[in-house]
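The next part holds the structures, each set out as structure tokens.
Below are two complexes that have subunit A in common, paired first with subunit B and then with subunit C.
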Partner chain A sequence: MFRRVKHWGPGLLLLAPTIILVGVFVYWLMFENFRVSLTNQHTAKPSNKYVGFENYTNLMADPNFQHSLWNLLILTVVFLAGTLFFGFLWAWILDKPAKGEGFFRAVYLFPMAVSFIASGVVWRWLLSSLQTDQSGGERTTGLNRLLDSVGLGFAQNDWWSNPTWGIAAIGVPAVWQLSGYVMALFLAGFRGIPEELREAARIDGCSEWKLYRHVIFPQLNPVMLSAVIIIGHMSLKLFDLIRAIVPDANTYDVQVPATMMWVKYIGSDYADAAAIGMILLVLVALVVIPYLMYTSRAEKR
Partner chain B sequence: MRRRLTLVAAAAALGLALAGCGGAADTPAESAAPPSEATGNVGVFTWWADGSEKVGLDALVGVFNTDFPKLTFDNLAVAGGAGSQAKSVLAAQLKAGNPPDSFQAHAGAELQDYIDAEQLEDLSSFYADNKLTEQFPKDLVDRLTVDGKIYSVPSNIHRSNVVWANVDVLKKAGLDPAKPAENLDAWFADMDKIKAAGKTPLAVAGSWTQVQLFENVLLSSLGVDGYNGLWDGKTDWKGADVTKAIEAYKKALSYTNSDRDSLSDWAPATQLVEDGAAAYNLMGDWAEAKFAQDGKKAGVDYSYFPMPGTQGVFNFLADSFTLPVGAPNPDGAKAWLTTVGSAEGQSAFNKAKGSIPANITAKTDDFSEYQKSAIKDFSQDKIVSSLAHGAAVPVAWLNELSTAVSKFGGDGNVATLQESAAATAAKFAQ
Partner chain C sequence: MATSILDRAIPDGTAESPAGAPNKGRRRINRTLKYALLLFFVIVILIPAYVLFITSFKGPSDADPSRAWLLPQSWETAGWAKAWTTLAPALGRTFLLVIPAALISAMLGSINGYVLSKWRFPGANVVFTLILFGMFIPYQAVMIPLTQLMSDLGVPQGIPSLLVLHIVYGLPICTLIFRNYYESVPSELIEAARMDGAGILRTYASVIFPLSAPGFVVVLIWQFTSAWNDYLFASFFSSGRNGPVTIALSFLAGGQLTDYAASMAGALIASVPTLIVYILLGKYFVGGLMSGSVKG
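Take a look at the complex of A and B:
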């Protein structure tokens, strides 16, 4: 008995602080959040009456919450497609030995060094909705002013101030910010493919396109998957960028579950805020768990 | 080693026990020492971190330091978001049982949330000791009283139904700045002229300023009784007169700047009027302090008048200070509240902030022209509670209505706004 304790005791002792801290600050808080989401705590007045999943069904039936989910979907699609496209494109260009690669790599990667809050302040100005042909048009700033001055005035639009597609405009700075990161992932992937493979393919008479199609792309799949997971779950949690660009938290056009949770929390609607939190947790889990399963299976292989 | 650990554990246990005793024995409301003998720090939580609001707070602290030299003022201000950042920080601290000595809250329904959560001490005996009930207007005291108890000391009174206008722009559009429109229709006709002259008629900013415009169109359209009825259930949100009011609001929005949602707060919208890019801005009278700070002259550079259709009505909100349950220095907090409620404190504070004193004995001889007119109006007008500033309804109700108004800014669907406003009212009204 004692010998067995001696066997696993020190290891447990070493891990105990982590286990306790994670247990309390992650899992217990998660459970507590779930508990609150089952109560009818909709005002500041303390109340612990359990109502089952009523908050969830009410939220799902709420057109405002449906709109926020729709926004989240558009945002995720734009964010994912944009970062994958640009990230891959830049990595592909840089993959061919070119002059000044280090410089361009730094340029592309640089936006990631800026926090969402800081870049959001700049993008608020860039994405200002005023257009030159509207009343007060002389005050037009940002992208609309730029488009007008290069003769593309017709391309001006109201950016995020549009109830249906406005959220896609928030995807633009998000893409700007994280394309470089995806590029770095892909670049590492490209570099991980041994030169011998390419040479062997070329000797076998592969055209450049076939080389990519059958030799290189298949080997980039794991990189692609991690990029999708990382960008996807970031998009679900995206809050700071929206808050920095849109001055008022309670702006319908760009409401996503994360910002709606904040608005509910400020309004002392703790039960609804907790329920939205749980829904977000489930959404993130839906993205992350398949990835974890995939990697653990890959490791076993 | 083990002994040392035991010692630490014992000390910790003792500390906990003492803290527990302290919590139980100390009921601040009954504490006997007069505020003048209090010592130590007084932590006061506000969202007055810059601009005219900071200047006002500093003036108030100046009076406090003279009144109570033994106490040290500890500024716990949190900036940003028209108080929403501060409110979230405060909510977390109150929930954690770690309140400041006093915090700022809007008088009225917003205070109700804290009262319901049993986070505020009853200040009725404090009012009696300082004879405050006689020094505040009866209307105001009535609005502060909940089930016969008073929970806060108002520091000032603001008016939310004021239109600020650029004199130059009005003149160029052929309007007489001295003769503002009498009702909404006449006002819209004026705005058509301004539009024709190539200026933005009405400047507005993000969500909460739109809610403030919405509440005043409702007030103008429905009248005092109709407006008050919206909050106590006597007016039917589904009624035809409300439909008409929402259509008027839609019309008002059509005169506004298209980049309203991009403007970061009320100040940029008021700035448009100041710069002559827009003719009107409906804003609370904190705009007065902004015009004054920027060196503008009333009557020459800008003019002001009650929202057309709301003449003789004072749409009110008030900032007030509280004594939270479990405040670390309740005697110090009471000293602070004494200064807040006093005639000298209110004179100093309101002169700087552009609002008017809640205490009618405060000296106001050197106040600005606008403030003097507001003081006169407050004493004779009908008083209603502002929606956008937490005086009319609890925060949760205001939040849902704000979402609906924000949505309306995009789709302009009158029926949807009316339905969701009615549904929200049905959910929250008692």
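Take a look at the complex of A and C:
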């Protein structure tokens, strides 16, 4: 026993700072946050009266919060569908050898290096809701103006200034920013499939479609899963892009739980802010914990 | 370091297989179509960059919406000058924040990765998974007590607070990247060092650390970029006067009477450091993306 402790004790000691820091800053704070979310601390004045799950039931009954959940759903669907579609398409085109592959790869990936705050500056302008018919043409800006000038004027729209679907417009820059990342994941997936496997399928008389259907797609499933987890959990947490594009944090049209949490925090409603944080945590955990269990099991095998 | 993580992750396309090749004419059409598509997407991706660039050089009268997509009538630099004077102090603060944050969390991550892959103890996998979960948590779920904790600890707002936070919340991903990296280091090397009587630190210093350069490159790029681009922590733990560049930029761009030329120039200035990293070290940058998820 003593020899074994002597063997792994030093390792544990080296890991101790991280275990303590993560223990405090992640797990203890999550617990603390849960505790605050059960109190009635709705003003800057400290208060520790416990009200049970009242804050949660109030939030769930609040039409604004319901709307923010709806927005979150749409945003996540657009973000996922868009990045998976473009990411897969680009990877698929680039999978077969192409001249200048490095160049295309670099261009598709570069938005990833830029912060949402910086890209938000230009997207705010591109997603301006002014339309030609409302403004006599001259004042239109951004994508609406571009659409008009290339003869696609009918495709102009309000972008994010629509209470029901406006949030989908926030998905546009999000997709712009991260499709390249999903492409890189898929590209790695494609390149990980041994050429012999394709050859064997071709010799067996597989058509190209069948080759994809039965050989290549199944091999890409793990990549697809990582992309869904990563993009999905980013979408749940998305805050800076919305803040950069929409000037007022409390804009109903594009309110999501992450921005609503900020509004509550600014208004010193700490109990509600903490409760929103907990709800986000549960949503993320529902996605991530099965994934972490799956990967750690897969690793053991 | 000759083979980067990306090269391993994305080998270049293999030679075209002759089997089942369609006839030459169709192949040419296919190829033309393919490059047309690739170029089309390059244009789409670069549209925002084009707008940022041209608008940043426009004068006040030129920033008229009717000319929004056209090149500047005369190339003005007033926007750049204004953006630079506004952002310069914040840029300095951000470097002071990001460089030590990246170095410290990388160092800790390297030690963690080493222990978790080569000096394992009972329950190491559980500990690793618990650390890893810290990478995925929405920071909104710790933010309220975190603001309290940081003020209880007496860490000043602004750069000192952000330094602590980027180090702490960077630990999970740094640990993950290094652990995965060290998995590829043969365990025999460790055993040999152990046989020679080297302890855990000695083995790290003389065997593992010298092999770690590629891991450090990936982690440092990753931490540099995500700390540089962070806005969430910055907005909770700093203000315009002591905040990093993302905060300064949001003030520059967020006013009611936005100076378009200045805010677009500011967005470009604020992106230069990460873009330089991306251009110079692009391969490793993607390696970092591959090995983990995304902070923020």
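The rule is short, and it goes like this: the second predicted complex is superposed on the first by the 292 of 301 C-alpha atoms of A that agree within 3 Å, B and C clash if a C-alpha of one lies under 4 Å from a C-alpha of the other, contacts with A are read in each partner's own complex, and residues count from 1 in each chain.
Basically, contacts are C-beta pairs under 8 Å (C-beta built on N, C-alpha and C of every residue); 3 or more make two chains touch, one makes a residue touch a chain.
Treat the numbers as computed from the prediction; the structure is a model and nothing was measured.
Asks: Is the number of subunit A residues in contact higher for subunit B or for subunit C?
Replies: C
Asks: Between subunit B and subunit C, whom does A:Leu59 touch in the aligned arrangement: first, second, both, or neither?
Replies: neither
Asks: For A:Phe116, select first, second, both or neither according to whether it touches subunit B, subunit C, the two together, or no partner.
Replies: In the superposition, A:Phe116 touches subunit C alone.
Asks: Using the touch definition from the top, say if A:Asp158 reaches subunit B (first), subunit C (second), both or neither.
Replies: first
Asks: If we overlay the two complexes on their shared chain A, which of subunit B and subunit C does A:Val263 touch? Say first, second, both or neither.
Replies: first
Asks: Now for A:Pro247: first (subunit B), second (subunit C), both, or neither, which partner does it touch?
Replies: Both partners.
Asks: Figure out whether A:Val172 sits in contact with subunit B (first) or subunit C (second), or with both, or with neither.
Replies: So A:Val172 meets neither subunit B nor subunit C here.
Asks: Between subunit B (first) and subunit C (second), which does A:Lys45 come into contact with in this model arrangement: first, second, both, or neither?
Replies: Only subunit B; A:Lys45 stays clear of subunit C.
Asks: Mind sorting out which residues of subunit A both subunit B and subunit C touch, each in its own complex?
Replies: 124, 130, 138-139, 247, 265
Asks: What does subunit C use to touch subunit A in their complex?
Replies: Of all residues in subunit C, those touching subunit A are 9-17, 19-20, 34-35, 37-38, 41-42, 45-48, 51-52, 55, 65-66, 68-69, 108, 111-112, 114-116, 119-122, 125, 127, 129-134, 136-146, 148-149, 168-169, 171-172, 175, 199-201, 225, 228-232, 235-236, 246, 249-250, 253-254, 260, 263-264, 266-268, 270-271, 274-275, 277-278, 282, 285-286, 289-290, 293-294, 296.
Asks: Could you pull out which subunit A residues touch subunit B in their complex?
Replies: Subunit A reaches subunit B through residues 42-46, 64, 124, 127-131, 134-136, 138-139, 158, 160-163, 166, 246-253, 255, 263-269.
Asks: State the interface residues of subunit B toward subunit A in the complex, per the touch definition above.
Replies: Those in contact with subunit A are residues 81, 84, 87-88, 91, 113-114, 116-119, 195, 198-200, 205-208, 257-259, 261-265, 272, 277-278, 394-396, 398-400, 402-403, 406-407, 409-411.
Asks: Which residues, counting only subunit A, touch subunit C once they are in their complex?
Replies: Residue list for subunit A touching subunit C: 8-12, 14-15, 17-19, 21-22, 24-27, 29-30, 32-33, 36, 86, 90, 93-98, 101, 104, 106-126, 130, 137-142, 145-146, 149, 173, 176, 180-181, 184-185, 187-188, 191, 195, 198-199, 202-203, 208, 229-230, 233-234, 236-237, 239-240, 243-244, 247, 257-258, 261-262, 265, 270, 273-274, 276-278, 280-281, 284, 288-289, 292, 296.
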